[in-house]
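I'd like to ask you about the structure that follows.
Per-chain residue numbering starts at 1, and chain names A, B, C, D, E and F are given in the order in which the chains are listed.
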Amino acid sequence: MRPSGRARDEMRAISIETGVSRHAEGSCLIRCGDTHVLCTATVEDRVPPFMRNSGLGWVTAEYGMLPRATNTRMRREAKTSQSGRTQEIQRLIGRSLRMGADRVVLGERQITIDCDVLQADGGTRCASITGGWVALRLAADKLIASGALKENPVEEHIAAISAGVHQGQAVLDLDYAEDSDAGTDANFVMTGSGGLVELQGSAEGSPFTEAQFMEMLTLARKGVSELVAAQKAAVA
Amino acid sequence: MRPSGRARDEMRAISIETGVSRHAEGSCLIRCGDTHVLCTATVEDRVPPFMRNSGLGWVTAEYGMLPRATNTRMRREAKTSQSGRTQEIQRLIGRSLRMGADRVVLGERQITIDCDVLQADGGTRCASITGGWVALRLAADKLIASGALKENPVEEHIAAISAGVHQGQAVLDLDYAEDSDAGTDANFVMTGSGGLVELQGSAEGSPFTEAQFMEMLTLARKGVSELVAAQKAAVA
Amino acid sequence: MRPSGRARDEMRAISIETGVSRHAEGSCLIRCGDTHVLCTATVEDRVPPFMRNSGLGWVTAEYGMLPRATNTRMRREAKTSQSGRTQEIQRLIGRSLRMGADRVVLGERQITIDCDVLQADGGTRCASITGGWVALRLAADKLIASGALKENPVEEHIAAISAGVHQGQAVLDLDYAEDSDAGTDANFVMTGSGGLVELQGSAEGSPFTEAQFMEMLTLARKGVSELVAAQKAAVA
Amino acid sequence: MRPSGRARDEMRAISIETGVSRHAEGSCLIRCGDTHVLCTATVEDRVPPFMRNSGLGWVTAEYGMLPRATNTRMRREAKTSQSGRTQEIQRLIGRSLRMGADRVVLGERQITIDCDVLQADGGTRCASITGGWVALRLAADKLIASGALKENPVEEHIAAISAGVHQGQAVLDLDYAEDSDAGTDANFVMTGSGGLVELQGSAEGSPFTEAQFMEMLTLARKGVSELVAAQKAAVA
Amino acid sequence: MRPSGRARDEMRAISIETGVSRHAEGSCLIRCGDTHVLCTATVEDRVPPFMRNSGLGWVTAEYGMLPRATNTRMRREAKTSQSGRTQEIQRLIGRSLRMGADRVVLGERQITIDCDVLQADGGTRCASITGGWVALRLAADKLIASGALKENPVEEHIAAISAGVHQGQAVLDLDYAEDSDAGTDANFVMTGSGGLVELQGSAEGSPFTEAQFMEMLTLARKGVSELVAAQKAAVA
Amino acid sequence: MRPSGRARDEMRAISIETGVSRHAEGSCLIRCGDTHVLCTATVEDRVPPFMRNSGLGWVTAEYGMLPRATNTRMRREAKTSQSGRTQEIQRLIGRSLRMGADRVVLGERQITIDCDVLQADGGTRCASITGGWVALRLAADKLIASGALKENPVEEHIAAISAGVHQGQAVLDLDYAEDSDAGTDANFVMTGSGGLVELQGSAEGSPFTEAQFMEMLTLARKGVSELVAAQKAAVA
């Protein structure tokens, strides 16, 4: 029995509310159970120095938490003072979302996805990727609508889910209580068509086996397909 | 005629939604028109070093903006890298809210009010003070409910509103468009019983007169009384 | 009876010594009782990026304290590590002095006023504004003398003074001992012709009333007129 | 054909030279082809604040590069200014090596492993883990030799190797030229007995398949067994 | 002929005005020609962590420049952002003044000497050492006067002077114009009884000879004896 | 008798191994007894802003220590967080090596010498200068070999050695144990033809005499001639 009372392959309730920001070019508030992340997309007609004159676009991400998103209050972070954990997460979000964008089609534009956790209960990086893709897609839709682009650079869905080994069993979509207690923690980023984008597995108490990893991967495939369906409904 | 179409003494629509954070000891989401601020209160059983062994409590505040709360994306700020504007605002919020707390009754506890602007359209410091007081009061109520305190240290309401001189006329509660165009900008922090807590008036294009300042103060009294009514409804 | 023994509307002795810096384009050492501030003006033929190609000039200020200007030694501050208090003060000085300069007449030049407190005894921000104006005016005079300008952009005097409520009574020009003990602290920046530039009133122990604020404003008008007379004598 | 001319499952030449530092409690210089990393272990009789009075030891790591370890000169990094990439790597090294230490046996001591890249040619994080384990073990041996410990807390080997998909084929132990050109990059950290400690796979050009990931894992098992043999020879 | 018109062994006019700070335990304003440095001494009844329980006192220094002390405006520096030049100078001042204090007699106290350059025209580090000694001595005198100490820990004078090779000739006490043009620049710190405390010689255009160095040393002896005489007059 | 058992004028064993870095334009590992410094030269076809369009080249240096180069582990330093000691050392290395380069011949190029101490046992700044010159010369040789330069800008040797007063006697080339115990510490940088480039003498316990300084200088001349011979052998 999981602490959450969920079945091994059962995800938390998902909701994706779009258009939550008056200023951003694309935005959504994604809720995965008690984890709530506000995702906004900012489009700029210039790329970072290392991409200039390449003809290619760039997608990048920043991740933050409100100080009291967590049980214990945390300090605010600027880009120059982010913890290692924060940087790891936002690098993962950025790499993942770049795999969902055709950078030739995007052209020399940068889209920055800000993922700000309003309330945390485990799985914030996965929610950020899944919600971040929705904000990215809505910004791309807006470029189409305004005539700036003819073809949509964000056709491939990108979504992410966690799995873990809890009391020897693989389980899907860990909440904070489960994550704290899990022997292994893994994150899976996949495309809408099932390709693998990022895999990360980390032993916490003792090493894990190949069989356990394969079980987690199978659970993750199920989770990602549900997330992609929710994304489709949100951007329809 | 004001850019917003409002009457000179007309405030924007106010809503205060409480209990929006699962983790914080007190919280609300205050909306003043398109300005939305998430306010959370964190209670700790210790005070900063300069207050130790004084028997007195402390109330402090931090203010932040999500990167895309504004029309143009802004950089994230840590406590050590806050702009002068951010520091000025959070010092004002902290000073104002301390005037609403009986620090002897509170005892050696610190309550930190985080005011995070999710969406900005002018008047974010005033919304932060008004919403911050609600979070502060709810945290005090919780200390009463848990038996930690017998008497409520947060009895006096604190609320804040802006006024300005727009095309020679005093107007109440500037939105961003009006603020950008105003010749004078002023902020008024008052108690529920009408005492003055903080007055700040700043000429932008040309100096202002004593008469104009008095007109703004009169408008502000009206605004604060409406805000205090909204606070009362929210914490009832 | 005030701690200083002064009458309610009595200022401390003022002296303004000009030409104290061999290198600066304008300079003075202003002494208001035991508060001594060295003010220098630096003229540059370029403006900050946000002002470029506007045809307008810019006036800005920096404020600092020598480590032992105060009773207890304080740490040095760089522009990137200034405390909230320091930033608030220098932003106030900058805004105030900009109201004393005709930026069209100044043209695309920047004048930086550095206000360094050699010895502090309360009222350093007001002394900085009053002395800063003298440095600014002397720098403008030098631009006239060198032929760079034909018309003087610094015609309107700007001066500042504090007032407070001490034991229930409004008093003028608080020194450090009085300020520590005052229930309300206010700063008034005015033009030579009596216009209001900046008003700031802050309750320290308990809220203040409109009547008290008006009394402080009346005292401040008297103080500013004496300061403007001292400025005139200094730059004559 | 790989750019390096190696067979798909062929590692670069490995050498591990121990005792290279006069001051450190354990040290080695590990060379994996042209990647050279100096690993030192520092033993301290205290643990970080969050571990105090737990009875458990702590193992942590720092990773750095000499400015000209790479083809283009890089800036030096302090712990407070490390890039996201550096932090990610040193967090991975620390987590991995903690899985090789019995922290109950170690007792309240901290061992810091510094991994400084003298020359880089791909695979620096894997070389750091493999060499870092040697330094860690030598420091543990020294604690035994000095009588501070009776039982060796570092019995389980930890080693790491990269694999990738190059021109559609899985290959082992990428050098810099191969890594730059690979479609997928993965790192595998395992124990001497074959348990999985950390898995990281990242698509660079296009998503990868489960089959490709399994091929990389198989190659990695072969690589790790060769590295563990080299570790055994080094610490014998 | 020197640019300054002075004879080869002629110093600039020296004045040392004591008691210039109301708050500091010892203070002076030293003027060496157009170089003006405000020196203050702060006494604290505790020493830095590395000196605790040693029974010994500590003397340290900080050096700063007002932004417009120089011909071109310079940025303010905090202790954590000082330039290499600033740190070099203040380390030199601290080492030099420690040689003038009997740290056993001083006991576990720290005296911090702040040397703030109000106006610079070359030789600021030497003026800081010479004036810093006066502030240090006055603070020691105050400890005697208050009964905290019975014996004076600051009996040995410390003074410093520059010399240089200008157009092939050794000259004493370089001002800024001479220093910019000198082929070699040297600083000499000596005790009142003629012992050498710090020697620093640095070739700027071409190497210098032993003979030139000896000539500079001879000039410096003359300069230091004049400075020590001025110190004696100041503290009498 | 010296702690090291060496004669008063006896240096530690010197070795200079060149070509130790695959990436750098010039490199060596210099060993002076147990002090080991890796020196690399990086050539860039641009100079710092203050040298642009001068037609002159620039030579600069950075100095660092691996965390466990010393007996006690030290923190890593970035360029923006270097200690005063580190900055002093690297400024000395840079100034010294610039005296060994004909900057007109070099043309608008910058050569950066990185000196990273792998193991420290006293005299690291002197070893850095001596080894840094070798890296600089090898980089210049490479510019000749590639045809970028016709004439060698690095013809004059620069080498450095320490001396000290140990138990009243001048001794050459202090190791760490001797340095900790020495009453005076001095560093001498000279050219291959015997010119003085930098002299630094610092009293540690008590002042030193002119005679002692001359003795140290004589020892240093002997040391530098041996170092120059080793440089010649290394770059032959």
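Rule of thumb we're sticking to: contacts are C-beta pairs under 8 Å (C-beta built on N, C-alpha and C of every residue); 3 or more make two chains touch, one makes a residue touch a chain.
Treat the numbers as computed from the prediction; the structure is a model and nothing was measured.
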Would you pick out the chains that touch chain C and also touch chain E? none
Both chain D and chain E are touched by which chains? F
Greatest separation from chain C - chain, by CA centre: D
Gap in Å, rounded to a whole number, between the CA centres of chain F and chain B: 60
Between chain A and chain D, centroid-to-centroid distance (C-alpha), Å: 28
Distance from the mean Cα position of chain F to that of chain A, given in whole angstrom: 51
Contacts with two or more other chains occur in chain A at residues none
Around the ring, starting with chain E and passing to chain F, what order do all the chains come in? E, F, D, A, B, C
Sort out for me which residues of chain B touch chain C in the complex. 82, 84-85, 87-88, 90-91, 95, 99, 186, 190-191, 195-203, 206-210, 213, 217
Under the definition above, what is the set of chain A residues touching chain B in their complex? 21-24, 27, 34, 38, 40, 42, 62, 64, 66-71, 73, 75-81, 112, 114, 116, 118-119, 121
